[in-house]
Amino acid sequence: MFDKLPQPMAAAVQPLLLLTLLVVVFALSAPAFLSFANLNNVLTASATVGLIALGATFVIASGNIDLSPGAVMALSAVVTANYAQHIDASPVGCVVVAGGIGLAVGLLNGWLISLTGAPSFIITLGTLSVARAIAYIASGGVPVYGLPDSALIVGQGALFGIHLPVLILMVCVVMSGFTLRFTRFGQHTLHMGDDAKAAQALGINLPRLRLQIFGLAGALAGLAGLIFMARTNSGDPSAGQSYELLGITAVILGGANLFGGKASVLSTFTGLLALAVLQNGLNLLAIETFYQVLFVGLVLILSAGLRRGELGSWR
Amino acid sequence: MSQLRSFYVCLLVSCTVIAPCLCLAESELEYAFILKGRGNPYWQAAVQGIEETATDLRISHKVFQISSDIAAEEQLNLCLSVIAMKPKMIAISAVTPAVGLQCMKQAMRANVRVADLDSNVTPAEAASAGVPLAFSVGSDNYLVGKSAADYLASVTKTPNPKILVLEGAVGSVPGQGRVRGFVDRLRELLPQAQQVASVSAEWDRLKGMNVTNDILQREPELEFVYAANDMMALGAVEAVRVAGLMGKVQVIGVDGTPDARKAIEEGKLLASVAQLPYLIGKRSVEKSVQVIKGETTEVIEKTPTPVLHRQLLAANTDPLLRYVR
Amino acid sequence: MALEVRDLRKRFGAVEVLRGVSASFDDGTVTAILGDNGAGKSTLLKTIYGIYPVENGTVRLGDLDISNLAIRERRRQGIEMVFQDLALTRQQSVVANLFMGREEVCRPFGVLRKKKMRAVALQALGKLGITIPSLERPVASLSGGQQQAIAIARALLDDPKVLLLDEPTAALAAGEVSKTLALIRSARQEGKVVVLVTHRLNDVFEVADRVIVMKHGSIFSDRAVTETSPAQVISEIVS
């Protein structure tokens, strides 16, 4: 039925169905749902997880898993908060520092994976702990409070009534969507995830590609940390706990192949919105948190069930 | 074909969502209470206080909670969603002061009155951020720590007991208050007391047990353990029991949870400084209604923190005991 | 412009897989390499192509020593290989596979020139007489023979000087084998160096000009195809 659509759109059809249904349900049952303010909230709420999901799209497309983004967020939030308090609170400076921290951890991930030949799962599980620990050590375990206003613009400012985190997310969605689908880097990422041995046999430089992919994912996680910091006005070493799993959830809801080779930013974004709408709608209906978590789990399992075989199966 | 099948499955999913939603879709919301983690008995008691009082007063209200006590961004997102529902009043127990203030500022812009629940944001902090707090109700964690020290001083047989302090999660503001209050007061009352260690057991029962166990290896002469919550205290009790030091090492906890009270009655736990979250919930509802009706109410209200010990529980005459849940 | 290897040695741990192999391969000649499993045929091919680094000895293409070049650079010099497992990325499109590792891009961001690649792909497939339902389809949706054709088309796409084939007919049906052999013949006619590793003697005597039998990592015999027979080759392999 949707065979004639261009590939990325066809891939997004299933999460789109889910999203549409959720929107209809909540629009009918929660009167506040469709207000501009609330929809702005939905998008704002998904900005941090969204940036991580974008990075995860590339990482998963390349057949890897990155478990470190949540911890990278915390590290970036803590370091940027200190930087803003003591050195320079300009939004640009904060973006550079936060992105730089994330980039550094990401490059480290990519380098270590190539160096050791170990699965990315193991290496990033390691850097997850290391980054989180450094965040705790650097902050003495205490969240850094009371940041200069200019450092908070990124999280709390708005342009034409749209929150800045939303705009940042949008820009990143468009740029990464283009990158994955229309550049050599994106194409190589998919080749690598599809069959790393084949990609290497055709002369694709896998170690360099890994640096780029994990560097990108890291930088996006660093940016997410900055938004977290600016929204909550604190450099919190406990920030972003298990956000990487939410990001991966969005990617999988979008229909990517967990074992690599198939992923699309548009699908991830749709999956992300479905996730955010689900959470926001259930909030509006004052459904208990535990049931929210339950719903996310059910939706994920069901959407995996009806794409049997497409997500990368063992059979 | 598979697309069609997926459509039906989506329909199925959404139906499972719709059913409870439609049941819960209610008329206008007036009072919103935003609390922290759902799994914590402390908040369960607070919810009970809110629900029972709100039912008595026949107000339109809802209690919102987040998945854990540290999910800052999740609480901020929740708060924004709640504001979109346009209640008259939001009382929030903020994960961090910054999140609380952020939420309150947004609420003010939408003409929603705001209040602090459980002393996470002080009225002074709020005022300096330009937010007029309708009220702040909660127990004072510093006083909790002091009460624990008072009680310890009243029962110790030696002037220089060896004491282990189990702190809460690193960076927790209430946790720090409880420890500082205890340590400061102890220094006044028992200047010769030896604090053998003060380490975090992250509010966790098993970690409380492990830490106590480790310290007991080094300090078999330990006499007291002060834990910043009952979970860790009960963990410490287990460690003491396993080490065969029951009666030699006394444990004091904080919160007055049902488990802790049971352990006190059984003589395993020496005492627990009760926080009365039920009373905090109850008072927050009553004060919210007063604010919306335009009646006057105290801006800062500190709820009492009685020290629960065996005799007190056995006598069962203290009027505050009915708020112990 | 011939391909030449000198004293190639290679070990995997304790096993010496190549024990000083020297040979030269001429333009417009199809050389078949035969041998038992573990004789070092595939290893030789992969060392020439650059999958395995040259640890000892040299690989020369004409006057150029390519021993230390990466795969990417060797391909740029005109060495292409068709792999036994085809080395296709099966969830990606036909075009993406044809241009894998050699994409046409605009600088500086490496934006893919999709239209140009489509056009080149169409032309190349047409020239080779390969018909594919759609260039945008994932390779996994094609038949085994079509996938094989894509792999060969990819190797021939940029008019290479050297074509290395590792068991190109092993998994094919009879009709598809003859198509593959026809492609090999036309490559020879264009003056390319063709090196073919295979188990199928029939193919060898149908298409090869020269037969090399390898044994325990060394060249055992090296003859023109006219100077030997299937029976002799078999006896050399098993002896």
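The first chain written gets the first letter, and so on, giving A, B and C; residue counts start at 1 in each chain.
The definition used in the following text is that a residue touches a chain if its C-beta (ideal position, glycine included) is under 8 Å from a C-beta of that chain, and two chains touch if they have at least 3 such contacts.
Values in this document were obtained by computation on a predicted structure and should not be read as measured data.
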Most widely separated chain from chain A, with each centre as the mean of CA atoms: C
Chain nearest the global centroid, as defined over all protein CA atoms shown: A
Between chain A and chain C, centroid-to-centroid distance (C-alpha), Å: 42
Mean-CA-position distance for chain C and chain B (Å): 71
Chain A and chain B, separation of their C-alpha mean positions in angstrom: 32
Shared-contact residues (touching 2 or more other chains) in chain B: none
Of all residues in chain A, those that touch chain C in their complex: 7, 182-185, 187-188, 190-191, 194-195, 197-205, 257, 261-262
Touch list for chain B against partner chain A, complex: 2-7, 9-14, 16-18, 20-22, 24-25, 38, 62-68, 70-73, 76-78, 80-86, 96-99, 101-102, 170-171
Complex contact set, residues of chain A against chain B: 1-2, 13-14, 17-18, 21-22, 24-26, 28-30, 32, 35, 37-38, 41, 44-45, 48, 136, 139-143, 145-146, 156, 228, 231-234, 236-239, 241, 278-293, 295, 298-299, 302-303, 305-307
Chain C residues within the chain A interface of the complex: 50-51, 70-72, 74-75, 81, 83, 85-92, 96, 100-103, 105, 109-112, 114, 136
